[in-house]
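The structures considered in this document are given below.
In what follows, chain A forms one complex with chain B and a second complex with chain C.
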Partner chain A sequence: MSDTLRQEPTIVTKSLAWAVICYLVLPITVVVSVSLTDRPYLSLPSEGVSLQYYEKLFTSSEWLSSIWQSFVIATVSTAICGVLGTLAAIGCWRIGSGLANVVRMAMLIPLMLPSMIYALGAYQVWAGFGWVNTYTGIIIAHAMTGMPYVVITVSTSLAGLDPKLEQAARNLGATMGQSLRHVIIPNIRPGVISGLVFAFIHSWDELVIALFIAGRNVFTLPRRMWDGINEHLDPTMAAVATVLIFLTVILLAAEFFLRGKKR
Partner chain B sequence: MHANPNDQTLSVQGINKRYGTFQALNDVGIDVKRGEFLTLLGPSGSGKTTLLMSVAGFIQPDSGRIMLGAQDITFAAPEKRNFGMVFQGYALFPHLKVRENVAFPLKMRGIRGAAATKSVAEALELVGLADKGERYPRELSGGQQQRVALARAIVFQPHLLLLDEPLSALDTQLRGQLQTELKRLHRAVGLTFIYVTHDQGEALSMSDRIAVMKDGRIVQLGAPSALYNRPANRFVAEFLGVENFLPERLTGRQGLLAVRASALSLAGKAGRISARVSDLDYHGAEIRYTAQTECGLSLRFNLSLRDAAHVPQENENVTLDWQEKDALPFPAA
Partner chain C sequence: MRILANPMLRYWLLIAPALLAMAVFYFYPISHVLWMSVTLPEPGVSNFESLAASRSVQRMLWTTLRIAVLSTMISLILAYFVAYVISTVDERRRRLLFMGVVISLWISVLVRAFAWFALLRNDGLINQALIGMGLIDRPLPLMWNEFAVLVGMVHYMLPLAILPLYSGMQSIDPRLVAAARGLGASRMTAFWKIWFPLTLPGVFAASILVFIYSLGFYVTPALLGGGKKMMVAEYIKVQILEVVNWGLGSALATLLLIFVLVTLAIVSRVVDLRKVFGAG
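And now, the complex of A and B:
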């Protein structure tokens, strides 16, 4: 609000803030350093830095295939939960009553349950459909668990939207679909984009469900990293992690930028 | 008044609307005349918005019909009705410029290019905002936003225009100015207006006819002068600002007698009512009094300072009288 009311933070507040930032960022710096190691196992660089594991990452067909698989799975599942989550949030917004709150809460279940429980349940059900060890299985599972992010961000955007806008659009001759496309969506675009970014990141680094559902055929990036740690402490993993961090930062920056532009 | 070719007669026939056990509209019927300025007037919660929303198609009545000409539109989709509407709070699209807001209904009807540009320019001209087309709604004042909403609602030549308390968010001075403009616009476009307000002054000054609503019913429908001079019952009289209702024992006749504060005057010794002044307020050239009779009835009367021989003060005893031609008899209810 008003800048004149803001106080200069005290030294205690400042040091506390920095401590929190360090706490959050330190693991990342470790991973980045390890990825540059010149030794053949997971460790900090000793003699000097080396890019050999980045080279390995981008030439290994296994790692590249996992990156590609994760990308496809994240993209498709994000598209699915983006559309469904947005429509669900808009539906709840339009109903606006107690029922809508129940539905909205139900949408958040995947976020509230430990992912282990969810993965186990999904595994049982998917087995019946023959979806275990398929792209379909993991895409649908990720679309479901990614839904809460979309519902939350879109609902937040909708909370600030005047329900009369839709009535106005209809009154002026727009069908339900047209008012969605020309009035509602343009006004909640920042929320939709945030939701898509979060859902994408969610699928991109999701491990538990991938472990349960993916078999021999589907080897997502987090799963490849998991195996890497368990089997041979290959520093390539750290390189992958660094690339992932980099990508996430880019996505969040894009989200921040796109949202900032509208306000 | 030149009639709009689109302008067909709207007829609301015996509609009812319930919310649970609450009856929001109770057998409401009204024939709207072509090109008229019809006002729905009533206190908060009387069902004005519900009626307007039924006409616009956002609320479906439980029973009854809404006809446009020979066509039954009771359940027609809102976008198929071709009614313009100015919403309370305007509901302008925040992501579109003024020009695009006004062009929206044309775009939805597949009208683009030069024809659309021309219509938009004309509509903005009509509301005096020709130079504001490139602004966003948030960059306009309340009154300007109100005019954009108006331009957007008439640019597609609707069958009729529905307005839900369009001026209630504006300050008194601006409201007066926009009332005049709305009346001018009504004459200029020759469109039927259905106008919702709970401000009796606004209703009396703007309307061709007024429908007074109470508890989901229309309690009286008529021209402003008819309502003002011959209110059908105590509720309408009170709502249109009649202050005093004299009971039988003061007047010696059956039922209640409604007398405005302006028609009750000081009367020397010959007055028919005696009372004691309990409060007085100076309003420029006039003083507004409140006085109590012996039986505890509170009365209001006005005194013009110009022709007052004596100005009664608080706790002074006065006698009051009225002229029969200024008084309206009602059955006691």
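And now, the complex of A and C:
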């Protein structure tokens, strides 16, 4: 009904908006086309398309090892902040008082502060723990900075859930574990899944912390890309970037469908 | 066991692991930065004195502020058009536009910076094309300047601005504008007097989000500015990893931290911060 009432934007406004969207997706098209170039430098394909840089990527032990390392780090750190963040969001939701709101707010802080500040502190503190240049160091740092995504999406899901439902389960004799497992979690599954997807992408894509904490032993994918862009730039970078775009789109599509097409 | 019998305390047990982990592994490192800024190389405020005395630091802070304000303004204006169109077009187009926004929001920041790098370099795609067409004979200086930084930064910030703007516009009753038009208001009057004021909370939320993210942004300015137009995050990184001046680096980080926190504190009196950060 509302569509008929809405005022159609002028043609100028509409074309401007579409132009901005083109500007937004332009890098995707650029990266994909450059990755198919047949020339030895960053350029669009001239004589024809070639998959040589994908071949180079998937036979390079350096790139493959970074992809694998980033995958492991993102998976483990997502698992950590997924569990901690979900439980904390549920606790805050059930308490619902002033202090719980403060706690929930505090867990969003990593999203508000520039990661450079945290990277600096973590670098120094991790050095004391012997965690610099280790999986543990990066995983913990990524789990902490990924926490806000889980807390936000789970809290949003919980906002639509009636606390009486949980109360009823408890009154009927369910333990806290049972009510979590059978009543709360199934009802907020879409929020948890979105949180996990966003936390995963966050870790998978994180550079600033990795600049400080990653080293020879742990060289994440963003870190290798960073060095690649700054030092020895060739179209293999574009192939890596294309693979990353593809992966992000798949993850977002999965998130979209698993969440049940609701926004 | 009696403690566990209190239901509210049990729920605090759910919160405890996350809270404890955050305290030890997030807030402690942050406070360590503050500590270092007043203890390295010796106790006192000498780091802040040298920050205040250094012309190059002041120039860099000015650059940071200018680029952050500029990219906030440009992003907001462009985002407003997009959000406005998304909230007024039909369902099918809305989905298409929305998909473009969401995908670009989540595409790796490095991938995007790399794409601009490939486009804007002296021997990049734009210059290659222009020279190939015979329009210019020397490459245009598109990279390693403020222009490149703004192009890359606005690109990163746009989705962050569009989403809160759109969620604000979505909740506006379209009948209000229709009523104004029906009562004889011109298109422009209806927009400026009715629609625009109702979107102001969204504009405010989006500006804060984009401004704060711009201030501490590292990847894009570092890559596209090429060290010429250094912003604060890059300056801090250079101080720590290249100059190895922990005192000055952590003092700058402290300054940035205080600035962001004060901004957030002021803003939180006007809007709900959870809404600002929850939308992105």
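In the analysis below, the second predicted complex is superposed on the first by the 244 of 263 C-alpha atoms of A that agree within 3 Å, B and C clash if a C-alpha of one lies under 4 Å from a C-alpha of the other, contacts with A are read in each partner's own complex, and residues count from 1 in each chain.
Please note the rule applied: a residue touches a chain if its C-beta (ideal position, glycine included) is under 8 Å from a C-beta of that chain, and two chains touch if they have at least 3 such contacts.
The structure displayed is predicted, hence computed values, not measured ones.
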{"item": "Chain A as common anchor, with chain B and chain C clashing or fitting", "value": "fit"}
{"item": "Per-residue touch tally on chain A - higher for chain B or for chain C", "value": "C"}
{"item": "Chain B versus chain C as contact partner of A:Leu111, first or second or both or neither", "value": "second"}
{"item": "Contacts of A:Ala241 with chain B and chain C, given as first, second, both or neither", "value": "second"}
{"item": "Touching partner for A:Pro186 - first (chain B), second (chain C), both, neither", "value": "first"}
{"item": "Chain B versus chain C as contact partner of A:Gly121, first or second or both or neither", "value": "second"}
{"item": "Contacts of A:Gln178 with chain B and chain C, given as first, second, both or neither", "value": "first"}
{"item": "Where chain B and chain C come nearest after superposition, their Cα distance in Å", "value": "6"}
{"item": "Chain B/chain C common contact set on chain A", "value": "170"}
{"item": "For the chain C and chain A complex, residues of the former touching the latter", "value": "7-8, 10-15, 17-19, 21-22, 25-26, 28-33, 36, 78-79, 81-82, 84-91, 97, 100-104, 106-119, 121, 123-125, 128, 155, 158-159, 174-175, 177-178, 181, 187, 190, 212, 215-219, 223, 233, 236-237, 240-241, 246, 249-250, 253, 256-257, 260, 264, 273-274, 277-278"}
{"item": "Contacting residues of chain B [partner chain A, same complex]", "value": "56-58, 77-79, 81-85, 87-89, 91-95, 104-105, 107-109, 152-153, 156"}
{"item": "Contact set on chain A toward chain B in their complex", "value": "162, 164-165, 167-175, 178, 182-183, 186-187"}
{"item": "Residues of chain A that touch chain C when the two form their complex", "value": "2-3, 5-10, 13-14, 16-18, 20-21, 23-28, 30-31, 34, 41-44, 84-85, 87-88, 90-92, 94-95, 100, 103-118, 120-126, 140-141, 143-145, 147-148, 152, 155-156, 170, 176, 201, 204-205, 207-208, 211-212, 222, 225-226, 229-230, 237-238, 241, 244-245, 248-249, 251-252"}
